[in-house]
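Handing you this structure, nothing more for now.
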């Protein structure tokens, strides 16, 4: 790659993008091949080597300590000293300086825990810039950002590029790639399959290069909405331990056969909403009706038994037992329901058989249902979770980012399954950061901001950009 | 997750925040000081009413200090290890190794070489723990339990081999170790003594406590207190400390920034071993003056409790060790003073009652009122407590305080988790 | 404690050393309580008696030690192993062997057994060797009360068990007998089954210091290994301490020995030695032998010259106890 | 091939670990001037004797309860250090009740056991409640409760409270349980004398083991428990009430802990006295870890510890400090878990490689030809 350019790497899930970057960053050692910097071959033993050679990396997953301040997160590993002590004042000044120069506004003394995703992303970039990196690796930095934030990030990238920094940029969002990249490399199953010129290639062509086949897209196929209300939420509010409102006065209805999409920047109450609906988080005020039954006071288990399926936002934390075999994971959340259990006993055989079914139906790539969940790739784990939650004919599905981390092929399959179930009368609450997915699947979209519903839009006549500005509250000002 | 919004709009002016936070911190200090003084006033009141002079005497303060230091050192040892993400339940075993090291070398070559040997023995225990947990990724609790067994076995075995037939020693104890020496603040003790003897409300109590803490203070005591402060400075104010703590909070983030997590974990666990060993040395050299089999008596576990009590912070653990040391010293010194603690409990309930009534927490208020009344009736209706109950004071107090404080303790996020290089991606 | 002066059982009545080569082919088995030889306390006293018998009679010996947390069955096995190994006589040290010795002695009627500190069994081949600790403690109580200028004396027990309560009962009674208005303080370091109170000098020191701070000027420490802490506190306070079991003036660290006014002596060594001797002599002791003031099985030590002024009074009381004029209580 | 490798690895781990621990022990022995060969010879020789074998099994029965009690907690990441206090308090109160009543044989035993189980559960339940409602770490609360149990037992075990003195003895004890409340021993070889009979409570131990296995692997409750241990957040999302699970597992753990003192109480001493065995809870922790919280593994661990603990007499007779055994025990615990960890890693990596390979193979067959732009 050339100095002072943005070089995009694209490829489907598991193509080896992150792995390649981790090698460049010294985290893994290559089996063969060489890395050259400024024409000089180097061997990188550790991230420290990479940092020393001016390589900085923003990882696909945040690499931050929640309990530290921004300052501590940024200077860690390259601390300025004053005598034996850490030079807090100096670090603070330098961080402010860099934030100002690249328009990355963060207060060095904030506790990281209190920051949202956008700020966290900025902290990650600050970390790299603070070390004076000349080569930046950004692994899917935009996955969690709204369009406006993406634009700001790109402005910053162009700024950096202007100063002669080289940037490796990884994203699944091909339009972003096309807008920011100077060069594009497509990789598949660990090898380079193509290089492309962003000025001449279209998103569609690029996608086909990635998967080697036609690109699916989410599309609503006519409305299946009925008049029967499946879920009715009224005046719902949730407060945290200190009594601050996390959700205030949320109200909506989902009919059978309807998909209600929730759009919003991460951290605006989506997680709290799903948890309140699932009974994981206590409700301060308001009622929840499933059909005609008031389930506000029900336990999570009872709600699940009543036919609510739940695809959690964070599959590792909430959706899976990584150290357990797949068939046990299939039981998770449905351990009281057939075919997994009979009375107080579990039915291992039936659970296994049903897991085989899910593996087949949802194309979970695994040699057997006895391997541990940790052995599966992220996308396959997600497919298992979705398959599990769609089992047993739920009447309501609460799905957070159901296709996050899933490759395009599987994504299409999941969309199809959701659509099919919707035709059968499934009510869906869909939360997604992928605005195309939201627009394509939902019958209605509500926008959540600071724990409130601020707008309801019709997916048929809204663009991602419009949604994005509603999500950030830009419309309020207007 | 909070609902905080990331509006990519006007930058909050960072500079404004700094003075506020510093002011806030100052205010906390003041608040703490005020709470402390208020508590002392209450204690003083109880002393005046009950006549239990030992509640705030210099002797009690001194006893509390001596009882608290080994526990505090064990807690500090736990703190270092857990701040780097390694749970150390093997503190007791490492402490036992320390007592033996101190006794075995101390009686032959003097107390200071004994201290060094104790630290060395503790480090040996730490090394086993580090190899097992850091290198081999064994469950931290398992390794700690094994070290407790090993520490006891090794010392008993070695004591049988090396101490049998020593002058005044035997397979269960070492010969006496020479005194390590102590200092007093010149002039102060005498001045304070006269004030303490007056038995004035509050003033005498304060004088007694200060006197107890400043009179013929052992060198190892001073070292231990310095270590608590130094721990704060090193862990929270230096690059080394930041890196070490990052291993306990987010090891993979640390790794991605070039921090050698294994190295820091090793260093932390070895320091943990050294501090445990020092705690053992304190027991053998200062609290007693020889090694004696069984001398640690579970203080390593209490140290662990003090660390959790103190929210994985040096100041907090010092407070936890101090509370335990105070109640333990008090119950050993004076039965009647423990009886007077019932009155203190009743008064504290009264304070709590007022607070709860103001906050309109009726149920809590009712419970507090019942407990307070119970304590008062018990106090008025008896002159002494059964000795078994007296002896239980430190344990009961710790449990009650923990149950009431209901503070949101927060352990390092990656504490106890197995770290493997490159596994975080 | 310190045994730099080699095994001189305090106040032993058998000072004569036979210089001729010992000859007995007796094999003695000794089963210690937890702690075993080297505990500088109770077990060590028994070991001294055994050593003396070894020297004098040339008996062979096998010593075994109880482990923490073991059951009676394991103690029985220890005794049986000794009996099967041809050891005879077999001496069990400590009341924990009460049940096991009763059982095993029945199984091996040809073996002579003895148990120290217990008299619960009555068997023809078993000697119960018990002590009137209360009587010895009475005398040091008298001495304490007499030596006390403040009229305030203290007792520190290692563990709150009946055996140690016996020491307290005697001590309190003696002090009261000497000075009816005396103030008494008492404290046990731990509660059973936590026997750590016998091994925690730090606790001993803190407790004793508390007593001295409150005006006590003589403290009797019946606390095994924790006693060394009491002596240190006495040294620091410039007050008196009283030792226990053996003459601790002779065995304690040189730095603190001068504060040990006297020690309540419980001649476990003599008991063990006497029992072995009786077997060597061919007329094994059986039944219960109480080692008390009368037979000089308990007493107080006079190796610290400072106790001189008080011995007359103590001896006077000793006579009264021996004559039965005074009965010393066994529970406080 | 894959399976064979797995089995070999699984067997190699503990074998290697035990060989390694013996090596370390031998080294310590040699360094301190003893002959390891002779020592091991003596230990094995003593273990060949029926009486010692009986003791080993009897120790193991007691350890088994203690270890299962600990393991129940471990299965959901609860660290019950309090087994020690729980069983002592339970045994003491059960002994007092057993000595105070007269009942027909089976009922009498049942009553004693039920009291023990309830007391153990109640004492552990305090820690459970404190954790659930006040957020107090069970590590601290159980440490404190152990100490408090000691004081409580000491208070109750006084003449005039729940205990009586024994004429001529320095011991004190609860009123002995009459024969109707005793559990007879079991002759492994019919007609053998009492010294080679194992505790009748062995049946209860086996029962507890089976129940533990069944509960964990076959019931919904067990699934919930394991799920909570594996990932609390995932368990919550799946509908498990963690508070209830904490309380339930603490209660179960305490209930099993209540049984720890029963073999000794009902099969040998028939009374709780000052020298009732203490400290078994801590041995239980080590054995649970050694047995990897698995009912069968725990049984082996308990037997191994029983063997080592009962070797002390043999060691002393050969002139070796019996404390060497503790060194061996510590090293065994450490090396067994290290060996298992190493094997586990190898197995997981192998599984991932297999998955990766199969995936690649599948994709290779079905995937489209590579395109170059």
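Labels for the chains are A, B, C and D, by order of writing; each one numbers its residues from 1.
Definition applied: a residue touches a chain if its C-beta (ideal position, glycine included) is under 8 Å from a C-beta of that chain, and two chains touch if they have at least 3 such contacts.
The structure presented is a predicted model; accordingly, all values stated were derived computationally and were not measured.
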Message = Measuring between Cα centroids, what's the chain most distant from chain B?
response = A
Query = How big is the gap, in whole Å, between where the Cα atoms of chain B centre and where those of chain D centre?
reply = 30
Message = I'd like to verify one number: the distance from the centre of chain B to the centre of chain C, where each centre is the average of its C-alpha atoms, in whole angstrom.
response = 37
Request  = Between chain A and chain B, tell me the centre distance in angstrom, where each centre is the average of that chain's C-alpha atoms.
outcome  = 43
Inquiry  = Taking the mean of the CA coordinates per chain, how far is chain A from chain C in Å?
reply    = 75
Query = On chain A, where are the residues touching two or more other chains?
reply = none
Where chain B touches two or more other chains, by residue = 160, 171, 298, 388, 391, 408
Message = Where in chain D do residues touch at least two different other chains?
response = 151, 154-155
Pairwise chain contacts under the document criterion = A-B, A-D, B-C, B-D, C-D
Ask   = Can you list the chain B residues touching chain C in their complex?
value = 54, 57, 59-60, 62-63, 66-67, 70, 160, 163-164, 167-173, 175-176, 179, 283, 287-290, 292-295, 297-298, 328-329, 332-335, 387-388, 391
Note = In the complex, the residues of chain A that touch chain D are 186, 188-189, 191, 193-196, 201, 205, 208-209, 211-213, 278, 280, 299-305, 310, 312, 314, 317-324, 328, 331-336, 341, 344-346, 348, 365-367, 371-372, 374-377
Chain D - residues contacting chain B, complex = 28, 32, 79, 81, 130, 134-137, 139-141, 143-145, 147-148, 151-152, 154-155, 282, 285-286, 289, 321, 323-331, 333-334, 337-338, 341-342, 345
Query = Given the complex with chain B, which residues does chain A contribute to the contact?
reply = 18, 22, 25, 27-28, 46-48, 50-51, 57, 59-68, 72-73, 75-79, 81, 84-86, 92, 96, 99, 105, 107-109, 114-119, 127, 148-149, 152, 240-241, 244-247, 265-269, 271-272, 449-451, 472-473
Ask   = Which chain C residues qualify as touching chain D in the complex?
value = 62-65, 67-74, 76-78, 80-81, 85, 95-96, 98-99, 117-120, 128, 130, 160-163, 166, 191-194, 288
